[in-house]
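Shared chain: chain A. Partners: chain B in the first complex, chain C in the second.
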Partner chain A sequence: MRVAIVIDIINAIFEFIFNVLNGALDPILTQLAEIGFREPVVQFMLINAILGLSIYMTLNCGLFSLANAGFMAVGAYVSVILTQKYDAEFGLSLLGGALAAGLVAIPIGLPVLRLRSVYLAIATIGFGEIVRIVVLNVDTIATDLFNPDEPIELTFGARGISRIPKLTETAHLVFFLILMGYLLYRMQRSRFGRAMTAIRQDEKVATTLGINVVYYKNMAFILGAMIAGVAGGFSGHATRIITPKDYGFDKAVDILAYAVLGGLGHWSGPIIGGMALKAIPERLRYLNEYTGALTGAVLLLIIIYLPSGLVSLGQPSFWRRGGRFEGARRLAGIGVALIVLTNMLPLRNLGSDEVLLGLEYWHLWGLGAGVGLIYWITSRQPASTGGRFSLPMSAVTGLLALGLIIAGLIGRIDQPGDGYYVLVFGLLLATAAGVIPYAPQHTETPPAEQVEGSHA
Partner chain B sequence: MLELHHVSREFGGLAALCQVKMVVPQGKVVGLIGPNGAGKTTLLNCISGLDSPTSGEIIFDGTPIHSRSPHRITALGVSRTYQNIRLFKEMTTLENVIVGQHIHGRSTLLHSMFVWPYHWREESRLKKDALALLERFNIGSVAHVHAGTLSYGDQRRLEMARALATRPRLVLLDEPTAGMNAVETHQLGEQILRMHADGITVVVVEHDMALIGQVCDEVYVLNFGEMIANGAPQAVKQDPKVIEAYLGHED
Partner chain C sequence: METFLQQLINGLTIGGFYAVVALGYTMVYGVLKLINFAHGDMFMWGTLAGWGLLTTVLAGFTDLDLIAILMVSVLIIAFVGVMGMTIERVAYRPLRTAGRLSPIISALGAAFILESVARNVSDARWRTYPEGLLKELPDLRLTEKVALSGLQMIMLVICGSIMVGLYLFVQRTRVGTAMRAVSLDHNVSRLMGINVDRIISIVFFIGPALGGLAGLLVGIYYGSFNFTLGWTFGLKAFISAILGGIGNIPGAVLGGFILGVAETMVVAYGPDLGLPDASAWKDAIAYVLLVIILIVRPTGLLGETVAEKV
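The block that comes next holds the complex of A and B.
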């Protein structure tokens, strides 16, 4: 019974903190509620933002891990079980979810993080599947093992856990994001963060500078898992039901797309990317079955014209003078970015076809796509920066984008969502093959190496 | 300080190093020369732990290091530069050196999160030391520039500054003057002599014989993975085996 007392004490502490926060923020919150601050869509945008941070943790250390959906599942189930079965306070259940995800990450990370790039991606997808299968079967196995007379019910198998109390408040999410933002801000300016950046840029050099690569990779993996666990806890308490398939392969790929769309040049990139990838499909819902295809097309346009993601707009290297077609490329990039960002703007009534600046939304879409395509047709040179995009690949992606826009418009892709996942999967493959840089890129050309007598 | 006993490294069937013996005495500057593909870089990789010998022993200060991981070898006091420059291009010049000081920091994630005073003191100490190192290599003026945008010579100098940031007792330099002109090469030679004066032991791989003559106390010659000669720079130059190795390589 001592455990119960401890839980009570911790509960009381959390309750106190939440009450103080709620009291202080109440006037602001009512104002924000007026503009749709408490809509579920907004909550899911913020949960996506947290997921974006979790994948940032790993990618920032050069780890191409797709395990975050699995960790999200661990966090979601553990925290929901804690609140439902054990009446834990919400904050405590989130902490429990995060710790569970972090604990699971330790034995997974030690062997798996020895793998590199695509191999790591594949292994971590495997982990996600294992989590799903465990969640599906844990009840039956536990019953058989421990208590054949009375069925044990924890995860409820494929049916999932239902009637979850809706505890997630937008304010909690904002508070957590601010906390994480602060943590990452501090981290990037610390010895810890610098070691991670060094590992991403050149692992071997990092080790010969005395950095324990295995330790830092595992730390990144565990921290990423814990953040994903918190996101899971929040999302579990934002919907009324969770099932194993909510956290499958789709979700893993989706989370990667946040990082690609937002960019990794800054930790805010995956946050913006995650929010945009919730807002855009929502905004486009009136297009019914074309929603997925068009969302995918936007993602492709971003990859082509802003290969370092939305945050590259904020980096000086983007604005530096470039080659002949830099101007057009830049314009196209800004165009696509504007489309994405304006779609995130009004929080209320997402999903309706309201107008902005007298333009219907599809006008904006057309404009962006048009600028992009014109540039692509006229330039006939690698559209990307960073030099990893070879000409044929850029042509292939360009054609793919064109094809998908046309296919989407004439209605060849019937199933909502399908086109989107096909696209995202292609994107994943391209990333894995090293065609799309998943580490931040700068446009500077490297100095010619080994040119005899070349110097300042 | 550093002893290699019968060190061999085979890649498939190819013996990049074959029974190599080498002794680097404390405080000396030792040159390592040899035609292209002789195995010089492979040797440095084995010492710094990036590669490990298929057989043989490498002893640093009495400690066997041939099966240690690179970061632990660095902690013992070994540091290196690379033949094909490997800077962290997306970091600034200063950050490159500060990363090099990693093992001399103690600040953890928690320190920096809670803005411990200790964290600030350490940050400013590391920064001060790093700037002093940059000044020493005449690249203080570009401290806040991305390393990828530096001129070729500056990149080479930054590599050396970063290697010194770990405060090594043994430095391995892999062709530090490749791509530099005669004046720059001579200046770099002075930097090596300054390391020597500071008591640091240096192993330098070089093709430039003028530099070898300027800085080295002793020279080892590697050819097709075998150590064919060693001795004072002048003596080695006249060694018929060495002349043959270089001439034989020409045709």
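The block that comes next holds the complex of A and C.
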């Protein structure tokens, strides 16, 4: 009786929160829908953000674990089975998924977390694949073992579970993300978070400081697993169909990309990265079969120019740091960001279908050739000269690139708009960055112990 | 016993492919401490290019499949090798000083590009190699029921000579010595007068070129492929490299053979051991094996213990 009242109260509180959030989100969602991100897409962006956070938990502790796709599968299957077979409430089923993922993480983590770097990565990939194969075959095995007469159908093998009720709402996701963001923000300043940072920076020193390394590593692993489990539950109830192949090796690597693309220097990095990695292919979808290639190219560009991820754009130290290479990177960073922005935002009043980055395909080849040429020549410079460019060479490259880009742009000059100017500016900056050569790759390669993002 | 021998032969053939692809992973990891996620896709490009080239060559130039395959393999070595060097220059070199995770993402970007282009080239369909390649070679009968088919023999000989050749190259030549030096320490190698960038370029030629060649062999052996081969087969090869201890060339070979043999044995003996649907479980068992080996030997079978972090 009393429990029922408590549940009612909790339900009422959540309902209130979600109502408020819905009210706040509606205008944003309509705005986003106008520029091509309809609600399902937004939901997947948010789910990706949660997944990014889940891997951030482990990376933040120096653990290169790729098990999150497996935990996502566990969470998705458990929570979907809970809602579909046992009519559990959505919140409870998510909790169930998270707990299941966390419980699976304990026996996995204890032996496996002793491994380092790639060995840990591959062992966790192995775990993810084992989960996938188990899910694929659990029906036949269970039938054979317990009940040979009447087939047991739990995961439906390769067909997956379909006709899942669509329970995920954007408000839920936003609420969960805000909660997680807040918790992570608090965590980074807490004893717990500092211990993890210490472990990431140097495990041995952390041990000597009295930090229980095994405990914290396992905690990070389990927490990451639980977050991934929740993300799985959300995604299962958003796609309405889940199959084992959704959670394979490629998903595991994608999740890593969310976190690294966003940047590991800050907790918001994985959120931004996850959303970006859903938004970019979505925005490039009109290219049909070239979407994958272009997504790869954008990924490549962003990470080459912003090696510490997208968040480094927001960090003052990134802009302050001196040096020519940094200058080039900054310029190129802005340039690329602007080019991407002109495509993402409705600023791009430059036609729609046969146009990419505001350029027609045909012109794009010229542009690509130009950029490639710049790249080639800049990277030809021997390291011993400090990557310095001789004046004639830089003039030739610059002029050539400019010529190609102008040739590319001229086709569109009849329809100038805001987007056009922003695009031109972005391209110019990116070109300028191309003319400034890469930093001399001089003697000091950071030692192998260099930790990603820890100095940011 | 006879089944065992036959399965051993089959397993060794498949393991040979894994091993040759794993060599690429392991060499790149050796010099750059980088997981080259694009390697599997370059391997797949070897298969894809082999399909295109073999069809053309057999249709237009020669009827002798051995000669056609020889011509095509030279082309593929050049093509995939140059592809690897280009990817190194574009995607990895700018990030050489940027930590350990960023190059993984640029590798992923490169892999996306390669895979997506391959999907378009192959129309996202399963493609089959020309029929009857190397089929008229005589089988080698070992006993009544155990036979080493001509195709398997060629595959084993090629894979074996690649491994031995690479090992000798790395151990005996000046460039190989330079590679080993670079894999130990970039800076000290530079002090010794080694052009590190050039060595890395060479590694990025040899690794993918061997991978591409393995791709061609896989295509000939299995007869059909599609563009996802890069991920699935590449993952297996990567596992082989890790299993043997990444960065270690004999390790990669050992890992490849172990994985190949283990897989075939599971399929062959699974039903007797109470796994009715053994082929469904063969991957799972490969992974369980991997995890167990890693728990017992955290740096792979032949790997050295080096302290490092993400």
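In the analysis below, the second predicted complex is superposed on the first by the 296 of 456 C-alpha atoms of A that agree within 3 Å, B and C clash if a C-alpha of one lies under 4 Å from a C-alpha of the other, contacts with A are read in each partner's own complex, and residues count from 1 in each chain.
Rule of thumb we're sticking to: contacts are C-beta pairs under 8 Å (C-beta built on N, C-alpha and C of every residue); 3 or more make two chains touch, one makes a residue touch a chain.
Quick caveat: nothing in here was measured; it's all calculated off a predicted structure.
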item: Greater chain A contact set [chain C / chain B]; value: C
item: Chain B versus chain C as contact partner of A:V42, first or second or both or neither; value: neither
item: First (chain B), second (chain C), both or neither touched by A:A198; value: first
item: Partner chain(s) touched by A:I50 [first = chain B, second = chain C, both, neither]; value: neither
item: First, second, both or neither for A:R114, with chain B first and chain C second; value: second
item: Chain B versus chain C as contact partner of A:I211, first or second or both or neither; value: first
item: Chain B versus chain C as contact partner of A:L92, first or second or both or neither; value: neither
item: First (chain B), second (chain C), both or neither touched by A:I164; value: neither
item: Contact residues common to both interfaces of chain A (with chain B and with chain C); value: 444, 446, 448-453
item: Residue numbers on chain A that touch chain C, as the complex places them; value: 59, 62-64, 111-112, 114-119, 121-123, 125-127, 129-130, 133-134, 136-137, 140, 144, 200, 203, 249-250, 253, 256-257, 260-261, 264, 289-293, 295-300, 303-304, 307-309, 375, 379, 383, 438-439, 441, 443-446, 448-453
item: Complex contact set, residues of chain A against chain B; value: 182-183, 186-187, 189-195, 197-198, 201-202, 204-213, 219, 440, 442, 444, 446-456
item: Interface residues, chain C side, partner chain A - complex; value: 29, 33, 35, 37, 89-91, 93-102, 104-106, 108-117, 119-120, 186-187, 190, 197, 231, 235, 238-239, 242, 246, 276-277, 280-281, 283-284, 287-288, 290-291, 294-295, 298-300, 307-310
item: Partner chain A, residues of chain B touching it in the complex; value: 48-50, 69-71, 73-75, 79-80, 82, 84-86, 88-91, 95, 98-100, 102-103, 105, 107-109, 111-113, 115, 119, 122-123, 146, 148-155, 162, 165-166, 178-181, 184
